[in-house]
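Okay, structure first, notes after.
First chain written, first letter: the chains are A, B, C and D, and each begins at residue 1.
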């Protein structure tokens, strides 16, 4: 097949070979797909969320299915940023993957320290800040719902690293544009949207709340309309800010819709559970679409009308 | 079948014969079901949202289907509060329906005026304030996402009417509990949760945004997990505040889940489009469940664990 | 109009018509129905697709039946229904041709159909035959000859003129190509039309230009089909909207703001 | 372990076993698989249910097959698959019995199955027969006699003791009722078990009390089946968690914090 131009510029000097990435927490550390697909082909892979110290995560049950979606309360289980740098990054470099390190913390200081440890690490191409975490200094509401808190985190990280910074928006913010603007004003190179939306699952018969953590994050096709709307709003109001679209993307059609509402790239999440090759399939489909329509990935961005 | 005790107290002196209502905008004015079901049997019916002046609503397309859900941008088409009082309420009284008048406005003053026109109208049993409307005095963000604005609306309506007041929570508030508390503190008798979540639908091939209004409200099974979570949070933090649960309720299981997380009653919405008898079916199922489990509707409330 | 009922019906037969169409016959009672009325259909596939799909009744005798064109997931699933499968059917819905105009022995008609729009028109032609009206003149257009399901049956009960955009059958072009001639051939006839909205708009415009009445069977995305969701609007001439499911689908074309 | 592949397989046959169980045979290649490994299965039903469902391989010769118990919507749809229907199958997944313990001519075993947990155990019994190991003693329990699918086949290749809670077959009670006697009857035997978690916990406790090794084939709700969602945890003895899909399903029962 012809090789259409799929390259996209996602800000901060980072050009991705194509706009199809995998979403944090849905693709492990990018090393679980040997024999399934070549990670170097993808636009990029976002690591499982990394914290300063390793975390075991929540007790079971951690997942529950819902209508066209699923809830997860993994509890951000991860090997810790140091083990990631030591053990995972070298293996990812060998595989020539474009790696976005997804990080989370409950204080501005810890975000800064995470950035410090990842700055200059060969093989890490960008940071994605997961701000859907309780802000311990401010009474436990998420960083992500508060423009000020988001701005402060972004600024601290900006002052610490030259890596491109993506801030991952929480769909629970009442005003996503205000949060995105705060990120932009404080040095973010892009925002990614959206993270999961908190939900709950209960067994009608017994009354048992399914997730040990009580609530979990809703993902999958069910949330796609919300993700499209938030990406569209942010792109329309802040066209200069690159947006990475996330939420319910399973097929090439989903990805194209996301580009059309203004995303410069997309992340495939829950769909990888249904089909480990989902991201590659979306990429193949996008290539075929661009060939058939004589277009490029860049040209699709923001074309919804 | 035995007649289990399904009566529920939803605050402000209002006892409903059973906890199954129909949701605003999904049941017309309650007069479209002649020959389909007897509205007097239901716990109550919430009218289509009423404004001071009649409204034609948005141009087509107004609806689009999504994964396990739908978007609507009806644009709050309605006959206006006066025509409702003049033409619809008498017919509803004849049918012995328990009527909750759902009202919306874009200013505190208009909410107050709506309450004034409905106060004392025989056959109207409660007001439900739809605060998912742009607050024109405050830059267009919804009333519903701002505890202060919600409190102000509630207070103005409280000062105007003795009818029980339900405030319908927007799921887009970052902190639903704070909003609910503001409602409670300002004289609300109950909150209903949730309204739709704004979303978008795009045709991948052509890039056409399906709804003329661009965005629309997401409803249906897709949002049930979010609704359960919000009802649970509000009930846990404000157990004295009656909550009416709404969002994706199609089956008796859904309704029981909602009661278990803390709702004293539920509203059936989008499900009525799939089956005009959905609310009656949920009621029948609940009756059978309570008989089989030797329980009452009241006893189910808040039993999730 | 009798109130709609949600009934479960078994698929009695499912037969392919042309390349992309299916006629599905159901076992059950569709209620008191006339041509132009419709039903909301859904199978046992749970919440995706969530909403039932509107389908015109093609006939109710000997069995309730519909003509389906596959355009998306809902119609794909409906078209795949096998004999014995159960569908839920909300019926009868909407206003019939006979609610929008008189259908009697004196009715002289030109019928204009586009593609799957044939369904209610085939039935209205039968109704016209049943009351002893003059044999209608029917103009039936499609993109190619494959887009003319049930044309044979239409030819039995009307004088049928066919058009295709690629010329693979009948006159090359759209229905509007031959419409003026058809109107001339049936002086004073009322026009009954169903098809894609742009086609109906063009038909209405020509009919009105020729001083004829035109009844159109409208389409719009629908959630409920019975007047409660307020989703199915089309712009009304002079402002405001009509609701296709309750004001229509069959309306006098002058009531519509065509665009 | 060979990497999992997502393959599309056609249903070759679907046969009812007892009241509530189905054995489905597939046409295709399940990869290099041993007993205890599993697959993630999904049909063409789109986004609801969204996730594929984990199923132990019951056998791969002559055809890949699974034993299905209907407990919810996903298993209901899988159990309804007709010959010719396509399923997507991610396989092979997880650690086999043979990855958790040696399976050789010298293996003496007591097999303890609960209900649908019979699937991997039937196959491990066949594997044991294949390598010339001593005929296993199998204890197979269910609520009633209807909950013992494939008991006949198990009886052909093991010495089978049956228990039912209602006494409708074999010894009245749970598997634990006869477990000590079974362990006595097979001195030094390793215990291989699969069934509801409380059953496996009780079995492990008795086996350990008797100084035996116990290999359990675990269950947990799963999203991915191949180690990326981190959803399928069970508590690990001494703290932390094991991932059923990648550390298991077959694990030494001492590794688990049973509760």
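Keep this in mind: a residue touches a chain if its C-beta (ideal position, glycine included) is under 8 Å from a C-beta of that chain, and two chains touch if they have at least 3 such contacts.
In this text, all values refer to a predicted model and were calculated from it rather than measured experimentally.
Q: Can you list every chain in contact with both subunit A and subunit D?
A: B, C
Q: Go through A-C and B-C and name the pair with more C-beta contacts between its chains.
A: B-C
Q: Measure off the straight-line distance from the CA centroid of subunit B to the CA centroid of subunit D, and report it in whole Å.
A: 47
Q: In whole angstrom, how far does the Cα centroid of subunit C sit from the Cα centroid of subunit D?
A: Averaging C-alpha atoms per chain gives centres 55 Å apart.
Q: What's the distance between the Cα centroids of subunit B and subunit C, rounded to whole Å?
A: Centre-to-centre distance between subunit B and subunit C: 36 Å.
Q: Can you list every residue of subunit C that touches 2 or more other chains, as numbers and ranges?
A: 47-48
Q: Can you tell me which residues of subunit B touch two or more of the remaining chains?
A: Answer for subunit B, listing residues that touch two or more other chains: 67-69, 220-221.
Q: So that we know how the chains sit together, what is the shape of their touch graph: line, ring, star, complete or other?
A: complete
Q: Per the contact definition, I'd like the list of subunit C residues that touch subunit B in the complex.
A: Interface residues on the subunit C side: 2-6, 42, 47-52, 88, 90, 220-235, 239-241.
Q: Spell out the part of subunit C that touches subunit A in their complex, as residue ranges.
A: 47-48
Q: Residues of subunit C touching subunit D in their complex?
A: Spelled out, the residues of subunit C in touch with subunit D are 45-48, 73.
Q: Quick check: in the complex, which residue numbers of subunit A touch subunit D?
A: So the residues of subunit A in touch with subunit D come to 25-28, 32, 34-36, 48, 56-57, 59-65, 67-70, 72, 74, 77, 220-221, 250, 270, 272-277.
Q: Would you pull the subunit A residues touching subunit B in the complex into a rising list?
A: Contacts found on subunit A: 66-69, 71, 141-142, 145-146, 172-175, 197-205, 207-209, 214-215, 218, 220-226, 228-229, 232, 248, 252-254, 256-257, 260-261, 303-305.
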